[in-house]
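Next up, some structures in structure tokens.
The same subunit A turns up in both complexes below, where it pairs with subunit B and then with subunit C.
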Partner chain A sequence: MVDFGFGLVPSSRINLDLFDREKYDKLTAIEPDARICISCGSCTAVCTAGQFAHTSLREALDDILNANPDKALESLRSCQLCGKCAMVCPRGINTRHLILSIIKVYSGE
Partner chain B sequence: MRLTNGITILSDAVLVASGFDLFDAVKKEEYGYGIYDQVMTNADLEAYFKTGSDKRVTNPKRIGFVHCVGSRDEKSGCRSCSKVCCATAVKQAIEVKQAFPDSEVFCFYMDLRLFGRHYEDIYLSAQKDHGVRFIRGRVAEVSENHDGTLLVKAENTVAGKPLKVTLDLLVLMSGMRPSVPGKAIGDLLEMPVEEDGYFAVRNGIAAGQRSPLPGVFLAGAATGPKTLPETLADARAAAMEIDRYLTEVFPDARNYKQLVRERW
Partner chain C sequence: MTPLFQILAAQDVAPEVIDRIPSGYSHFVIPFAVGITFMLCWLLVGCVRLLAAIPRHDRLTFFKSLFIPKTIVRNLKDLFGDCLLHLKIWRRKPLLGYMHSAIAFGWFMIIVLGHIEVALFVPKRLSVTNGGLFYPIFYRYFVWMNPGHTTLRGSFFFFLMDFFLLYILSGIALAVFKRFRSIVLGMRHTTKPSLADRVALYSLWLIFPLRLLAESFTADLSGGSFLTVGVNRFWHLLFGDKLWFTPCWWAYSISLGLFFVAMPFSRYMHILTEVLWILLRNAGIKPNHPRKGVAEAEIYACSSCGLCLDACPMNVQKKNLKYSSVYFIRFLRRHNEKKISAIADKCLMCDKCHALCPVGVDAPALRRAQRATENNSLPFDYSCISAVDTGLAATGVWAPDASRPVRVNGRPDALPPDPSPQESLPDASRPVLYFAGCMTRLTPRIIKAVESVFEAAGVDYVFADREGGMCCGRPLMLAGRNDAAAKLIEANKKMIEESGCSTLVLSCPICYKIFKEEYRLEGIKVTHYTQYFNELIASGRLKVEKTDRKLVYHDPCELGRGCGVYFEPRAALGKAGTLVKASMEYDESICCGGSLGSLTLDVKDRAKIAEASLKSLTAGSPDTIVTACPLCLKTFSEAVANSGSPMNGVAVKDFAEVLRG
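Presenting the complex of A and B:
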């Protein structure tokens, strides 16, 4: 395989070949809305927890797709399930349920 | 005017509808069209859907679509957006998913320009019903692995990180270019051309189907990239403009038109 000048440390690059499709299929089976995020960032901008600790559903969804689920869980750790993000999401995603599902599938709880 | 079949026509108005040429993807060498086996264009894929055979399409597991190939790219001599390829990419991505349900499909875009009626619905459906993955970031370079698969490099500009992915098939969304045969006709008529290579119109808003030359009308992609509904509307508008022109400028033609109407 060609390395293609991809010698960056793993945390600062994305390797989609490592994407865990099985887990993602499990997530989208219980939460089809996980697929329809358009990365608009509204959820992150209004997040109440985000004022105190880094919290971002937008980043979490992106990190899952970027084969970095640990970082996704990190971005949701401080979420207090207030639901404010659901009020602004232009795709009408049930964000709280989605957040719980992500944690369930990816942290094995 | 002498037609190719030798017939000469005398006319008071001419409509130039010379269309567009597809951007020659070979020119974007970094994407490897014509160099790597598993790279094809939107037109090639469309041909595959029609004929059902293309040696590049053999049950691919991972397919990538590259938006804006030869469009929005000053380096390849084209600043403008080709308008149709975002919708085409989303449509083809869905078709690929339908043909190969087990596959993973990625669209690499800079902006998704899905402005027409229902286009946004197709985008939502691609995400929701077909699981097509959209990655914001222009594909920067492509390389071929020993086994013939492709290594694709881009930046995920949402995450702000460089990204690589191994694909079985890469589809390039080649954009629209001014028609070369159309240019030859334009040269014969000495028609003014704008910086982008498409024919100039007298007024982009009020007279979009009239060229600066009296009696010469334009329609469709001769005056820039257009979608199918736009082309149809343009054609109708041009026909009406010609009608108006002939009526106003050649009142004598009225009798002739009267006759035509009576016999319709």
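Presenting the complex of A and C:
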């Protein structure tokens, strides 16, 4: 193939073929709220852990949909379950359970 | 040496009681003997297994506790008060208390008195080889009262036995009635009995009427008092001279046998396991697994009385009844893993069921242990908080290490705000450290009010997490992530100890509970701001203006039931206005619904709980609801805003705000 030089930077490439439907269904079965996030970012703005290390529930949810669960786990590994995100989430998402469920579903084999 | 009772028994020349059946045995005792043997073996094996399962040092503590005079007194008090007289239920629901104590205490007395009678009149039958297992139970069948030789002593026992039988029967009558109309006894919800429960329940209902039947049928021979003799006369009226009594004794024995066989599989095992649990509890041993060791004694001590059903705030909706502690414990017994974990995750950890449980079953603690089995091992990475090393000691204010590049809000290069420069803290001049905590920091109005109180009282304080801070670790513990929580505790502890403060003031009950219980801050007084401000008022440092506001105080779960702080906030608020009563307060206070304890309860269910809690709070038509928890403040503010017109006039305010007028 001729390389036209228009390729994507690998790090920002989204390959939806890698999306793990089975795990996502498992996640939404134990925490249906995963589906109703509007990516507003409020959770990330107030995040306690975010002062120390990159932590973002919004990003984690996007990364899961973008078939990048490892990045999602990275965005949540410092979470202290403090619950501030639950206090501000406009969708009333059970954020703490959602975080626990993501870690449970995607970090176990 | 002849035992005293034999001397007493020998005083009468003509025997008062004649051992009617020389062998001291009759076939009808078989069902009972089989049943009780089975149950006792089961109990023995269970106890041994249980004690073997608890860690060695706990076991030692337990055995030692049995010889400590203070614990002995407490054990006796609790055994009589909780197992037999059911004083805790009496206090709350007198009729229900009467029912439970009638069956428990009455039965206990009948067994004890039965044995005393045998010891007095036919002492040789007490030995196991001579039928000691069943003879005292069926005493009346085996003996013949020598007419004309009945002494006062004999009549006295006849009377007592009849009296306690009647007492039990009245309890049973109430129990039957309760199955159909529980509300009369003060219970809105009752538990659904399982199959073994049903077998045990119906045989229990039958045991005492059958005992009356059997004893009244034999009363011609074995004598009796007002009840048995009276009923005996009635049978004679109905059936004529000859009463054929053996079938009645068979029926009595079968009902007892059935009950004892079903007992280990039913809720009634609590009658005996409760004893073990009370001893373990008073020895101070805590469960560390939801199912094994001490926890096992605890779950078998639950009587399925169902008092936790009405206590649980989730049960404002009938669909949530299944998440109550009583069912949690039932599924733990049955090893129903799926249901156990769903129920464990739902609970708000408000601790009300524990506070109101007549046997002190700490179901919320078991739930936390259950959550830990699933969540404690999940991976986490708190390496970032080592930044705390350069914390409060150097700057006076803890802040994230600025030299460490971290991404904030997803922007890779943004650094956290610089800590404002502060002079270092000499111990004496800065004795008070204020830690707001995550929730308070999200509720700036509380911080504003707290700072204004500090200033008004001239308190020299340091605001530990003004620029940001870590979580206290309690939310992690509530989710069963104890190892992760330990990391945060360690880091926070270091920060606080290095600050050199003498007093730590907290405005969040969630923080307060864990700082008090898990941090072990030597030489530092940990207080909640309600306690601290009340002290300031009492010592005259803080002046509060009395207004004519009608205030109602909401007991936050973690502060009230969690830490036993009920008095101080009320004392302080009494100086700022008139306190009115809520319909449920102190340890009966209803969770606001916002609790971090629940992992899976959704917003709609939480809103319903908030509604119920508000209803209780507004019972005395106050114009201000006062909370002492940032989470309650937010939950109630939203609930009032969303509710209809009657609630509209009510303001929701924080404790510190009210003190500032």
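By our rule, the second predicted complex is superposed on the first by the 99 of 109 C-alpha atoms of A that agree within 3 Å, B and C clash if a C-alpha of one lies under 4 Å from a C-alpha of the other, contacts with A are read in each partner's own complex, and residues count from 1 in each chain.
Here is the rule we go by: contacts are C-beta pairs under 8 Å (C-beta built on N, C-alpha and C of every residue); 3 or more make two chains touch, one makes a residue touch a chain.
On a predicted model such as this, the values are computed, not experimentally measured, just so you know.
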With the two structures laid over each other on chain A, which partner does A:16 touch: subunit B (first), subunit C (second), both, or neither? first
Kindly classify A:54 by the partners it touches after superposition: subunit B alone (first), subunit C alone (second), both, or neither? second
State whether A:29 touches subunit B only (first), subunit C only (second), both chains, or neither. neither
Just to be sure I read the superposition right, which of the two partners does A:40 touch: subunit B = first, subunit C = second, or both, or neither? neither
First (subunit B), second (subunit C), both or neither: which does A:97 touch? second
With both structures superposed, pick whichever of subunit B and subunit C touches the larger number of subunit A residues. C
Contact-wise, after the overlay, does A:81 reach subunit B, subunit C, both or neither (first, second, both, neither)? second
Which partner does A:66 reach: the first (subunit B), the second (subunit C), both, or neither? first
Kindly list the residues of subunit A that each of subunit B and subunit C touches, one partner per complex. 33, 59
Touching residues of subunit B toward subunit A in the complex: what are they? 104, 106, 124, 127-128, 131, 133, 136, 141, 143-146, 151, 153, 156, 158-159, 161-166
Residue set of subunit A touching subunit B in the complex reads 1-2, 4, 6, 8, 12-17, 21, 28, 32-33, 35-36, 39, 59, 62-63, 65-66, 91
Under the touch definition given earlier, write down the residues of subunit C that touch subunit A in their complex. 345, 374-375, 378-385, 387, 400, 406-410, 416, 438-439, 442, 468-471, 473, 475-476, 479, 481, 484, 488, 596, 599-603, 631, 634
Subunit C touches which residues of subunit A in the complex? 31, 33, 41, 44-46, 48-54, 56, 58-59, 73, 77-84, 86-88, 92, 94, 96-97, 100, 103-104, 107
